[in-house]
Amino acid sequence: MSKDVFDKGFEIRKSVLGAEFVEKSFASADDFNRPLQELVTEYCWGAVWGRDTLDKKTRSMLNLAMLSALNRPHELKMHVKGALVNGVTRDEIREIFMQVAIYAGVPAGVDSFRAAKEVFAQLDSQKA
Amino acid sequence: MSKDVFDKGFEIRKSVLGAEFVEKSFASADDFNRPLQELVTEYCWGAVWGRDTLDKKTRSMLNLAMLSALNRPHELKMHVKGALVNGVTRDEIREIFMQVAIYAGVPAGVDSFRAAKEVFAQLDSQKA
Amino acid sequence: MSKDVFDKGFEIRKSVLGAEFVEKSFASADDFNRPLQELVTEYCWGAVWGRDTLDKKTRSMLNLAMLSALNRPHELKMHVKGALVNGVTRDEIREIFMQVAIYAGVPAGVDSFRAAKEVFAQLDSQKA
Amino acid sequence: MSKDVFDKGFEIRKSVLGAEFVEKSFASADDFNRPLQELVTEYCWGAVWGRDTLDKKTRSMLNLAMLSALNRPHELKMHVKGALVNGVTRDEIREIFMQVAIYAGVPAGVDSFRAAKEVFAQLDSQKA
Amino acid sequence: MSKDVFDKGFEIRKSVLGAEFVEKSFASADDFNRPLQELVTEYCWGAVWGRDTLDKKTRSMLNLAMLSALNRPHELKMHVKGALVNGVTRDEIREIFMQVAIYAGVPAGVDSFRAAKEVFAQLDSQKA
Amino acid sequence: MSKDVFDKGFEIRKSVLGAEFVEKSFASADDFNRPLQELVTEYCWGAVWGRDTLDKKTRSMLNLAMLSALNRPHELKMHVKGALVNGVTRDEIREIFMQVAIYAGVPAGVDSFRAAKEVFAQLDSQKA
């Protein structure tokens, strides 16, 4: 493992998904899933999200499109929250999922809209 | 059909994929595939690409990520060309496909890099 | 938007998925998902379901096969109900999902049978 | 193996995909792929296509939709030919792929139209 | 149907997924899903799992990789249990899903780890 | 980057896919695809293939199943060759793809058999 890349990834991951959530994931990791936590932090968040050329807002938008096409609602909801943190607006999220409906098919679009609405409702109720 | 939306879509499609290519597609369409050409032009290019909120460069980036995940190399190559027209740089295309390799898997990333290299080689040989 | 195509799509959508459900979807739509509701109604239900050559029963059967292969259980359940409305029998639904098990794999078939049984149980309890 | 189901499957497979093609597949099978040939003939063509309730024309239509969604162009082309044999018209094939474009996404629709046009061109040149 | 292949499949299926579960599935089957139960038992568990050359432990490992890639969490959880019965250790399951994260993408890996943890927690609570 | 993990990955990758092929890939890499080559070598081949618990033969078998399900024929052919190097026999490859036909669907199985036959023919002609 490269400690530098891991540390960079850990910071980026916390800034996007929330420090509390990420620290809890590591604190509760056991021998079974700790290797995955480490791999994802170093490789996904350090070695790729940590690269320049694309800013975090753009990376969030790409993820919303990909996770819709890949049909992974659990990860999608986390990245809807992360996208808002990275400055993607709700209007932009709507446009991304309209484009998903065309390219990945209407059911993918419909499922992603529903996932986003659930996230928005949760966030709005926390603020209220 | 809405003639306004179709016309808008026809202009956007030509500006992204090339006027000559799109006009030839329509000129050579027959009773079998003309309905698809019209549907795609009106809904995909008019009703979705024609919306504001996301610019064409961003829409191209989303498409490169989605078409990689959806495993559609023929459309992907067309949209690599379109992305360059819309101002996505080769360095940005590389970054998009690095992110594809993480989220959609290494084989999806490898296939997309190969597709992009083929497009670049073709474009470079035309310029030479 | 083409008002004619939208209106045609609105009628077909209500006839397949239920007038109450569709009217409620539109009534509860907000700025976030109204554009999707409109796109789907016009494009999916008007411009495609509204075409002749294939009747609604056949379109429902195609959808059950595709939604199984695409792994979209939420939409699949809605279209199981719609298929029954369009005259697809429970025996025919069974045969479609047997064919899904062969072409899209046994897990796709098993998941679709389970989804259909849930819909049937819900419908039967409403009648009781 | 059930000889009855295999024999039934062998007849149906030949009637849909062409006797010459299927007999050649078996004649050229070796120890590597003979078990697959036998499995597919017995289970896919005998145990599923051989069931009543859905006629062969309907089964062909379901396959065109599924194979498009599953992104399997080689099998799709064979089943475009088989669909024509089973009485699906070119106009109906167009409508199926229009519906694919909506539910499985525009790139799936575009790829399937191109596959069908290749098959039609090949068939037309054989007749000429 | 071949009674021999069915009977062999029935025994293998019970040995992997649990006799009680499989017998209950058959006992509760109705006219709608009995044909699927029979097809899966004969074709999947008899004609393929019943073949030599690969032992059951290897077949379980292949299934964990495939069901992750195919995004079928319900079947995946059943096969996590079955894999443990067939001698796949929890450490080996972890390694399979690490490899899934690379080849099918990080979200597929994350989803499969979560599914496995749910199964382990359920099994551990039954033992406690 | 962790030089140790990269170096380990480079050795494993060469041992599986062939030293000549891998060295040529690196020698011909340019600014566009060198980052992917490095990422894949370090994370895929070093950080995952380099882990203990599963031997290389098992990892090759998992890859054949996953790459079939993921529909990536180019990578699949490379890993058929790699699997033979890692001690997977042609008979075992046949069994893996029989299982693919059940779980990922008959078209996935058929496509993978065809891919394997092409690889075998190429290898046999080189030996002749």
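The first chain written gets the first letter, and so on, giving A, B, C, D, E and F; residue counts start at 1 in each chain.
One rule holds in what follows: contacts are C-beta pairs under 8 Å (C-beta built on N, C-alpha and C of every residue); 3 or more make two chains touch, one makes a residue touch a chain.
None of the values given here were measured: they were computed from a predicted structure.
Asks: Hey, what chains does subunit C share as contacts with subunit F?
Replies: A, B, D, E
Asks: Would you say B-C or A-C is joined by more C-beta pairs in contact?
Replies: Higher contact count goes to A-C.
Asks: In steps of 5 degrees, what rotation angle do you get fitting subunit B onto subunit E on the CA atoms?
Replies: Fitting subunit B to subunit E on C-alpha atoms yields 180 degrees.
Asks: Name the chain whose C-alpha centroid is most distant from the C-alpha centroid of subunit C.
Replies: F
Asks: Report, in whole Å, the distance between the mean C-alpha point of subunit A and the mean C-alpha point of subunit D.
Replies: Those two chain centres are 40 Å apart.
Asks: Would you kindly tell me how far, in whole Å, the mean C-alpha position of subunit F lies from that of subunit A?
Replies: The answer is 29 Å.
Asks: Averaged over CA atoms, how far is the centre of subunit A from the centre of subunit B? Could you give it in whole Å?
Replies: 25
Asks: Going by the contact rule already set, what residues in subunit F reach two or more other chains?
Replies: 35, 39, 43-44, 48, 51, 67, 70-71, 94, 98, 101-108
Asks: So how do the chains connect up here, line, ring, star, complete, or something else (other)?
Replies: Topology of the interface graph: complete, with all chain pairs in contact.
Asks: Which residues of subunit E touch subunit B in the complex?
Replies: 102-108
Asks: Any idea which subunit B residues touch subunit C in the complex?
Replies: 1-2, 5, 35, 39, 42-43, 47-48, 51
Asks: What residues on subunit F touch subunit E, complex-wise?
Replies: Residues 43-44, 48, 51, 53-54, 58-59, 61-63, 65-70, 91-92, 94-96, 98-104.
Asks: Quick check: in the complex, which residue numbers of subunit D touch subunit F?
Replies: 32-33, 35-36, 39-40, 44, 67, 70-72, 74-75
Asks: In their complex, what parts of subunit D are in touch with subunit B?
Replies: 71, 90, 94, 97-98, 101, 105-111, 113-114, 116-117, 120
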